[in-house]
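The structures come next, written out as structure tokens.
Consider the two complexes below, in which chain A is the common component and chain B and chain C are the respective partners.
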Partner chain A sequence: MTYERRDTLVLVALIVPAVAWLVFAQGYPLLYSLVLSFFNWSPGTGLGDFAGLSNFASILGDERFQGALKLSVLFLAKVPIELAIGFALALFILGQTAWRRGVRTLLLLPMLIAPIAVGSMWRLLLSSDSGLVNALLGTVGLPTPNWIGEQTTAVVAALWADSWEWIPFSIIIYVAALSGLDQTLLASAEVDGASQWQVLRYVIFPMTLPATLLILVFRSIDAFITIDIVYSLTFGGPGFATETGSLYIFKQGLRYFDISQAAAGSWVMLGMALVIATIVLKLKGQADRAVARN
Partner chain B sequence: MERRTLSRQAFLKLGGAGLALSAGLPFVAACAGDSGSESGGLTATYMKSGTYDVAANDFAKEFEKKNDTNISIEAFPYAALRQNNTNAVMAGTCDYNVVSGSYYLADIYDSFRPLDDLVERNDFSKPLAAGLWEQCSINNGAHIGVPYGPDAYALMYRSDLWEEAGLSWPKSWDEFLAALKNVRAEYGDQGITPLVFAAGAPEQLPALFFATYDGYFINDQGKYGLDSAKATEAIKFAEQLLSFAPQDVTAISIDEANSKFVDGEAAVLYGWPSFLVKTASDPDSSQIVGKWRVGEMPQPGFVWLSMWEMYTTDCTENVNAAWKWMTFWSKPENDRALLPKYGVNPVLGSTYRDQQLLKEYSHYFPGEEKNVARAMFPPLSGEPQDFLASTLGDVFTGKSTAEEAVRSVNEKWTEFDVQEPLSQAAQRNGLVQS
Partner chain C sequence: MGLRSTVAKKIGASLQSKGVKAPSARSKPGQAVVAFIVVGVWLLVTVVPLLALLLNSFKPPSDFYSGQFFPTDWTLQNYKQAFNGEVLGVLANSLIVAGSTVFFSVVLGTMAAYGLSRVRYAWVGVVVYLILAIRFYPKITVILPYYVMMRSLGLLDTLVAMVIAHVSITLPFVVLVMMTFFAEIPRSLEEAAAIDGASVVERFRYVVLPLVRPALVTSAILTAMVSWNEFLMAVSVSGENARTLPVLVSSFITDKGIRLGQMATVSVIIIVPIALFTLIGQRHLIRGLTLGAVKE
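Entry: the complex of A and B
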């Protein structure tokens, strides 16, 4: 039997119901949340009165939400650090020796743990009284901060716990990118007398730029919408110190049942995430074209 | 179009897989929504805590034997319980017939059946411990909840250390502060901290404020508001109290605070006694068996009540069975078993005066009963209470001052509407500005 146009139509017809279900399960809630953001939903009245843009004005004018958004943007700042550490570790574990393969597997483990569990785990590790981190720091005579009990260190703890979990993502992507590099280019550079640093800077970095930007797209969005780590590590405390935009929206919608405000906040964050993604994807497109030309 | 070779067998396999997936997804989704109400009996929700849920499951077995009604117990962690209860009620699924909750369910009070007719018919409220029935939820003038597991935020202290230091239990907060200073002087070098508190659990922070605040929560405009002067003093006093706690107090969780007390590392624990009573009384794990008491809360101040209530949803058809289940807990023999067997506080006055229990819990019952009789719910819905808690967190970590905190809370609280049931409760409890 040959594979012809009518077969394609039959295959499409068979797959469409599943795809339609997925579109319904994701698209419908998304559109409904947009509708909710323009109304005053309440448990007693349901959808309620039309509110226009008042929910958006209210949430954007809320100093608490503004602070939460700032923290979400701060989470973006750790992404370059994740990239740098991921790149360095990928270079280190590149290769097919047994120990490298073993270390690679170990380094990928954090990514397999549920973020909620990661937050709980780091809460225990960072306990100033009985946590392993302070025990080790104290042993070598270093200061032992009250990690999750002080505003600044709590933010650092949240940034670190999230990075710890997702640096392996950078490692995987970089290992794949580095493994796929054209070895003749590297050999040529060495023959031309380039130092290790020059090879890194002028050959490896540019050639892995598409991978860097790919990681940047995924990790930027993920970091911006962080909720699970802060939920279990600090639940937004102490004070409002680690309350991210997503955590604020979660509390508005599912704790205070101000669903319309939460919907409006979600769309504000979606808009910001789209801007971030658009910028990074444009850069990635340019990088892909530059690599293709070379 | 390029022709590619695909065998009939492969084509049929691929098509069949696609069809199965398309048909299977909606079916799986539909089956996931299966609910307990289809069982023909009752479904009741409780907090998964190793206490209420265990009691509920044990009582359910007994209840089913004595009544011709199946009862299914669904237990969830606190945050999920509140969520699931509210979602089920709002979605109108009638998944649950008896729902556990408290004042924070005020948003959905209208979905619970009034109980006054059943209360009067059965004379239910008379045997309850002092103060409990008055604090039960009232919606549109009718009671809607049956109480269980009451508790009051309290100071639990090392009676042996207190006696050794020649201290008597303070009646006022100034006396309490003086006692803490004494304890620090006597036992500070033995690694015993005068006070421990779960300041690392944000939702607990209002307890420090409530301790010495005896002002209003709703102003004369009918909006949430605090008496600025009294609130500022209460926050400053809370800062003084925390100066007697470990340096990392702002990171200490409820479990950690309880452990410190049970391990003999703290002279006073400010917390929920019911969370502690079983562990502290267990000789295998506690260093303080026979050495601690629940103190009567000093004056003045607001004693924070925690009381679970069972509500029955207005979609429940078998109301009599639901009522029987809800009141099964407070049958004298069951009420009597709650504390020794499950670590849950009883609700009947007679249980608090049971001679055998008094002998076994002489360190617990007297203080607990007095505190519960005085305790009240703060008339705050979720967001105002959380905002207060987080603002206090800013003060206790040095980011804000007491004055700024009160100004900030009063300003923010004007944005919130006071739900009618909470407003009425505040009126009854004298928590409205006059």
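Entry: the complex of A and C
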């Protein structure tokens, strides 16, 4: 369909308001944060003096920031476990019977709830003397640690709460992918005498690879930049044990108002997120092409 | 077709459900038992914590240190306290912000999506990619300068600052999702209308929009949900006046022990509308959350 010049102008005019809004509230601040990271902003003086790379140097030298980045990478590293659990559960709840659809809806719930509320919920459930988790553990005679009071268990609790919220995302994408699989191909593999494990390994895994990488695209970045759930679960504590990169930057910028240094830290995070995205998108491109060939 | 049409596919090859029989439907009885146990356990892991939270909100303060599942003495005390106190105003903020966010992002986002899916300039693809990128980069990078901007505009702790922020987060969802719906509409319909003399705006308004009405509802629900749940930008620019429910929940942490009941109650107030939405209308929700990559 061809458009006259005037029509094209109308179409462009439809785009302008949304783009202007995004430039004002996302694009401009994004670039401005880069400016901030090279100056010494303070509430009194504004932008202040040019600081060169000193903000980057000091935040990269901060052991607390290094620890926080390591924790963010740990959140990233647990994503494959989410995928594995999600995949297994998806296999079991495929199908169109009413109860399967009902189960799927219930299992979807956690990912739709505000992460801040999920953190609060697990804080209550994991509290050492009054929480449900320790009450259950105590009943069956297992140890009842002070979950969010000890460094190691607090990290476990944070990883768990985040997984609890986001495993449903893997489930639901895998359900969509598995439901769309070519049934004749699976049937012919079985006729050819393939065991169930072989069907899974050589047919289902490769064919759901695009779904796997789609989940990775969303979850790897989101896990790396986690903040809400640890904010309400532990606020980074005890000590700085559960402080993620984003949470450290938040505190540095909006609690201590060291905004320039925080901005430098946020660009370190952004650079790392970009590396993650590049790798995952490259893998995704390869997987999509591989599937397209078959 | 250039970049634009491949963007939706870029983040996911179409994963269309055809409602076929599940592989597991053919499995042996032993596996059915395993499936039943695994799914059953995960169902409990999902539902019991939510139930426990709900029950917590009906517990009197004395019950909070007993570790009991059910309240010994059911009470509405927490809810009375919540609605007599700060919660009512905060709830109003959440509703106003979510409502305004839905209005602006659905109207502006749908307009932009139509323009972007019909204009044939090379830069359109670039714009779509940039909009897509907003979903993915760390929001922590934006909140610091956004705070500085709102401070110098005198908009700190106002609902205006909240709505501007939330719309900028939800617009990409609406634009990308609506683009996938617009792509599915046969061009012949618009061509026929054009031959009958309908202008671009008339074709958009009277031919295209009625066809995507369900998608508009989906966009509205998704947008409301994202705004209702959003915490980071909200906590960055709000103080006592403009804070929303997630910000209020986060504020109970500093004085823990004293306000566990309020924390549970406000969490329940955040969760219940979302749970109801999910149970009633989850059509197209997955397409929305994956920015159009998965069409269920």
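Note that in this section the second predicted complex is superposed on the first by the 286 of 294 C-alpha atoms of A that agree within 3 Å, B and C clash if a C-alpha of one lies under 4 Å from a C-alpha of the other, contacts with A are read in each partner's own complex, and residues count from 1 in each chain.
Everything below uses one rule, namely that a residue touches a chain if its C-beta (ideal position, glycine included) is under 8 Å from a C-beta of that chain, and two chains touch if they have at least 3 such contacts.
What you are looking at is a predicted structure, and each value in this text was computed from that prediction instead of being measured.
Once the complexes are laid over each other on chain A, chain B and chain C cannot both fit and instead clash. Once the two complexes are laid over each other on the shared chain, residue contacts for A:I173 go to chain C alone; chain B is not touched. In the superposition on chain A, A:S246 contacts chain C only, with no contact to chain B.
Between chain B and chain C, C touches the greater number of residues of chain A. Of the two partner chains, chain B is the only one that A:Y256 touches; chain C does not reach it. By the touch criterion stated above, A:P17 is placed in contact with chain B and with chain C alike. Residue overlap on chain A between the chain B contacts of one complex and the chain C contacts of the other covers 1, 3, 7, 10-11, 14-15, 17-18, 21, 25, 43, 123, 127, 129-130, 235, 254.
The touching residues of chain A, counted against chain B in their complex, run 1-5, 7, 10-11, 14-18, 21, 25, 42-44, 64, 123, 127-130, 146-151, 235-241, 243, 251-252, 254-258.
Chain contact summary for the complex, chain C toward chain A: residues 9, 11-13, 15-25, 27, 35, 38-39, 42-43, 45-50, 52-53, 56, 64-69, 104, 108-109, 111-112, 114-116, 118-120, 127, 130-131, 134, 136-149, 151, 164-165, 167-168, 171-172, 175, 187, 190-191, 194, 199-201, 204, 225, 228-232, 236, 245-246, 249-250, 252-253, 256, 260, 263-264, 267, 270-271, 274-275, 277-279, 282, 286, 289-290, 293-294, 296. Note for the complex: chain B touches chain A at residues 1, 3-8, 11, 14-15, 18-19, 21-23, 25-26, 29, 82-83, 86, 89-90, 107-108, 110, 199-200, 202, 246-253, 256, 381-383, 386-387, 390-400. Chain contact summary for the complex, chain A toward chain C: residues 1, 3, 7-8, 10-15, 17-19, 21-22, 24-30, 32-33, 36, 41, 43, 88-89, 91-96, 100, 103, 105-110, 112-117, 120-125, 127, 129-132, 134-135, 138, 164, 168-169, 172-173, 175-181, 183, 186, 196, 199, 204, 210-211, 214, 217-218, 221, 224-225, 227-228, 231-232, 235, 245-246, 249-250, 253-254, 259, 262-263, 266-267, 269-270, 273-274, 277, 284, 288, 291-292.
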